[in-house]
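Both of the next two complexes hold chain A, though its partner changes from chain B to chain C.
Let's turn to the complex of A and B:
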């Protein structure tokens, strides 16, 4: 048993977990306010990361110009997507809504692969990516930075929902659309804002992951990994998505550890969250913090 | 000519329960179906290998799509793991015929039964959960089964894949496109007749009741758990048969073919064809199989010399599928079957449609 490796993996899990938490939060934001299950969440990361990459490498903009431009692009992208594709789907059965986002995910994945090619490309170094030694553990500064970014986003979300006008409107809409509308909240704007915020924050996470691992189509798989996270945390709970993200991040690293030490199945890192997902759905389908639907006849 | 028939009908009206329960909506539809099957029997004599290959593809994908329509369109459950069952059928049939000496003739239905068993097992959570939770659960089962295919070397041959022996009947090997076409056609006719018949039975009506309003269905004495799991099982059976036909057609089954992308394509077939329509499953499959071919034709037409477009062909095909799904959901959510019904009604009442 290799304790040092175990602790290193747990720390890695926590760091990856915060990123899962951020993406899951974006997913929950859309689900909570618009009741749309977004299967194209991973494509937001993908598009954001590639856009930023193109700004920095193709157009050779400095980071402090290219990065905000990316975020502006994603803001517009999210709003356009909501208005053009998702707005006609309001009131349609759930299968249609799911299939539309799946169709979007397929379309954008292929489009991005067509434009940028199928190979992993490295980000230009924006920050020094040496590793630092904290309490005997080797941690890359990029990871550290990603953790800080994630924490800032989470705190930002907290204040946004607690104090800002739009945040309050979103919570009201999530609680009950009709009541929100009768109080003068424009549900249309709330829906568009939810998609825009989700796209921007996902793109941010995509850029951070891209800086560490390089940009490739693998980024969109994080959109799939988000499902175990949100199911564990509860589909409509922002807190749950953070807790779920940390737990799934640690879980997959632990699964990797046990697999490499004793089991030797291979590929546990990617598959373990899905086993966890099935088990959670069997015993506690509403997750840790999700609200339980009560159906009246 | 009898006077009742000399007047023009202004629509399809069923006046007895017997008329309402026929397999084909009108006698004309029955005649058209019989004639088209007879015409298809002649197809291998006059079509070349390219078109036969397309027809065979439409055949086995169509069977699987009908299975998915039973669970999605008729029972109202969502399955994102259909490709995994399709693959399971392909591997199971190859494994049975390779390892037990059972001829391929019997291994295809046996593979269907094995897939049925696994489908019932995976369907157990489906009895408890519904809607998007089920979609996510089946997504997990897709990845778990995919992982199983890549790992279980005793069953699938691992990353190397499995050989599937050709179909034979009475020692006569049918491995050419011409002869295999008849095998697929036979299965398509059987499975579609069975599918259309299923909807006339008590179980079929129970599926529709569960879809339309599951609480009312339960109050009427329909066991929700039983029928949700049963519809999952039946749909897996169809996927298994389709997959087995696919495996023995190619002669080789590899684990890479049964990804989420194929599952999405199956869902696309069902949605484009029309949810809850047996004929729609076939129309959707035809659309989905022909779409990439049309894209390829279009690309060659536009720029046969520009290599960038030809290189991007795989991406263009994928984008076309995604776009087709989105556009159909926005503009024609009821699918091609609905469009076809509207065209028929238009001509039935022509020229006085009001």
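Let's turn to the complex of A and C:
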């Protein structure tokens, strides 16, 4: 048994896991405050990464200009999407809303493929050294950066929900919309803000992953990975999405390890999370941190 | 309150409801021509049995009717001279009216302080921290509760709901059955504080109650509703001495109460009908 490889894979799992956690948080943010299951979460990463790529490569803007512009674009994108597409769906049956987000997911995938083509494209290199050695482990600098970015986002979310006016308003809306409205909170604003924040933070994750793996339609696959993560953590739990992200990240790397050492089934990396998903749904249908009264989907 | 209570018409009304009708789901007519006046700075109470339409009246004012598919279909609601019927609840809060809903609807998965800060959601000034202390002065026992609001006792949750309203610095608070489910001792305490808030903060109050005795000792004027209409109104003193009121609302056990309409001694007021 190759211990060094095992440790390396676990570390990789934790790093990828924090990114899953961040994307899952974005998904949960929308679900919690607007009760919409967003199947287009992965496309937010895709659009964010491609927008940033276009800013840096096509328009040749420096990173410190192109990147903030990307985030501003995604902010507007999130708000417009909510106001134009999802606001009219308020009060419609949950299945119709799900259909709409699935439709959005397909639409954006096609749109992006049409604009940018089907090939993977690389970001201009941001870091001089490709990898660093920490305690005998080779860790890619970009991975390290993604870890730092993820942690900063998580801490940011914590302070946002704990102390900011809009964060408290979102929690109030998630708890009960009528109570929130009785306090003078405009639920319309909260919904738009939830989509905007979710789009911005997802784009951030998309850019980080794009820097590591290049930008391609594979980014939207992260949006599918989010389901095992949030179902493990609980659809409506922010903490659960972080823990779920880490667990799925490690799980898929461990599955890869066992497969490469003994099983030789192939592609366990991508399949294991979904095996886990099925097992979790059987033994703990509301996730590790979820509340009981939410519909299963 | 024995001090000289004048006729409402001679005072400046901050809120006037003029002959409103309210319909739920476009078909269920619940309020059938309600009119009432609330003079600035006073406490006015709205009494009546379950299902009379008291909560609906408050929701019509606060705009929360909209969240339940209700609509004011006739008449007008004027606040400080402006028509406010069928506006969004957040607009109404910004205009200075704050409703404390029936059943102490606090946010259970937040702390006391977070609930209070949300009360000040529409405010942008820097005085919020001071106002939290001010609320703790009214309700000292809330200050000791650092856990989630869902673990507070019923009385404490009611206090938090009222404190949250004070945080908005409203000109008017609509209170829906603050005594519901509280022990008599707590009811007394809560009503005492409501009166203090009214006097010290100058906040006008429209108080819905089933506990008529308590409410009339707190308010200067009262209205009694029955099945979507005002059945009776008068100064608190008048109502406290009214024979029908004594028999049907103030005696305590009001389980087998008949309607005012079936009473000989009750002369139906034609004023608004």
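Couple of notes before you dig in:
Convention: the second predicted complex is superposed on the first by the 292 of 297 C-alpha atoms of A that agree within 3 Å, B and C clash if a C-alpha of one lies under 4 Å from a C-alpha of the other, contacts with A are read in each partner's own complex, and residues count from 1 in each chain.
As a convention for this text, a contact is a pair of C-beta atoms (placed from the backbone, for glycine too) under 8 Å apart; a residue touches a chain by one contact, two chains touch by 3 or more.
Since we're looking at a predicted model, the values are computed, not measured.
Annotation: superposed three-chain arrangement on chain A; chain B versus chain C shows no clash, the two fitting side by side. Of the two partner chains placed by superposition, A:155 touches none, neither chain B nor chain C. By the touch criterion stated above, A:281 is placed in contact with chain B alone, chain C being left untouched. Touched residues of chain A, counted separately for chain B and chain C, are more numerous for B. After overlaying the two complexes on the shared chain, residue contacts for A:182 are found with chain C alone; chain B is out of touch.
When the two structures are aligned on the shared chain, A:224 is found in touch with chain B, with no touch to chain C.
By the touch criterion stated above, A:172 is placed in contact with chain C alone, chain B being left untouched.
Once the two complexes are overlaid on the shared chain, A:113 sits against chain B while remaining clear of chain C. If you stand at the C-alpha centre of chain A, chain B and chain C are 90 degrees apart, rounded to the nearest 10.
Closest approach of chain B to chain C, taken over C-alpha atoms in the A-based superposition, is 20 Å. Of all residues in chain A, only 165, 168-169, 171-172, 175-179, 181-186 touch chain C in the complex they form. Interface residues of chain B, counted against chain A in their complex, comprise 72, 76, 78, 125, 128-129, 131-133, 135-137, 139-141, 143-144, 147, 150-151, 215, 219, 261, 264, 267-268, 271, 275, 312, 315-316, 318-319, 321-326, 329-330, 333.
Chain A makes touch with chain B in their complex at residues 37, 85, 88-89, 92, 94-96, 98-100, 102-111, 113-114, 224, 227-228, 231, 235, 265-267, 270-271, 274-275, 277-278, 281-282, 285, 295, 297.
Contact residues of chain C toward chain A in the complex are 62, 64, 67-68, 88-90, 93-94, 98-99, 101, 105-110, 114, 117-119, 121-122, 164, 168.
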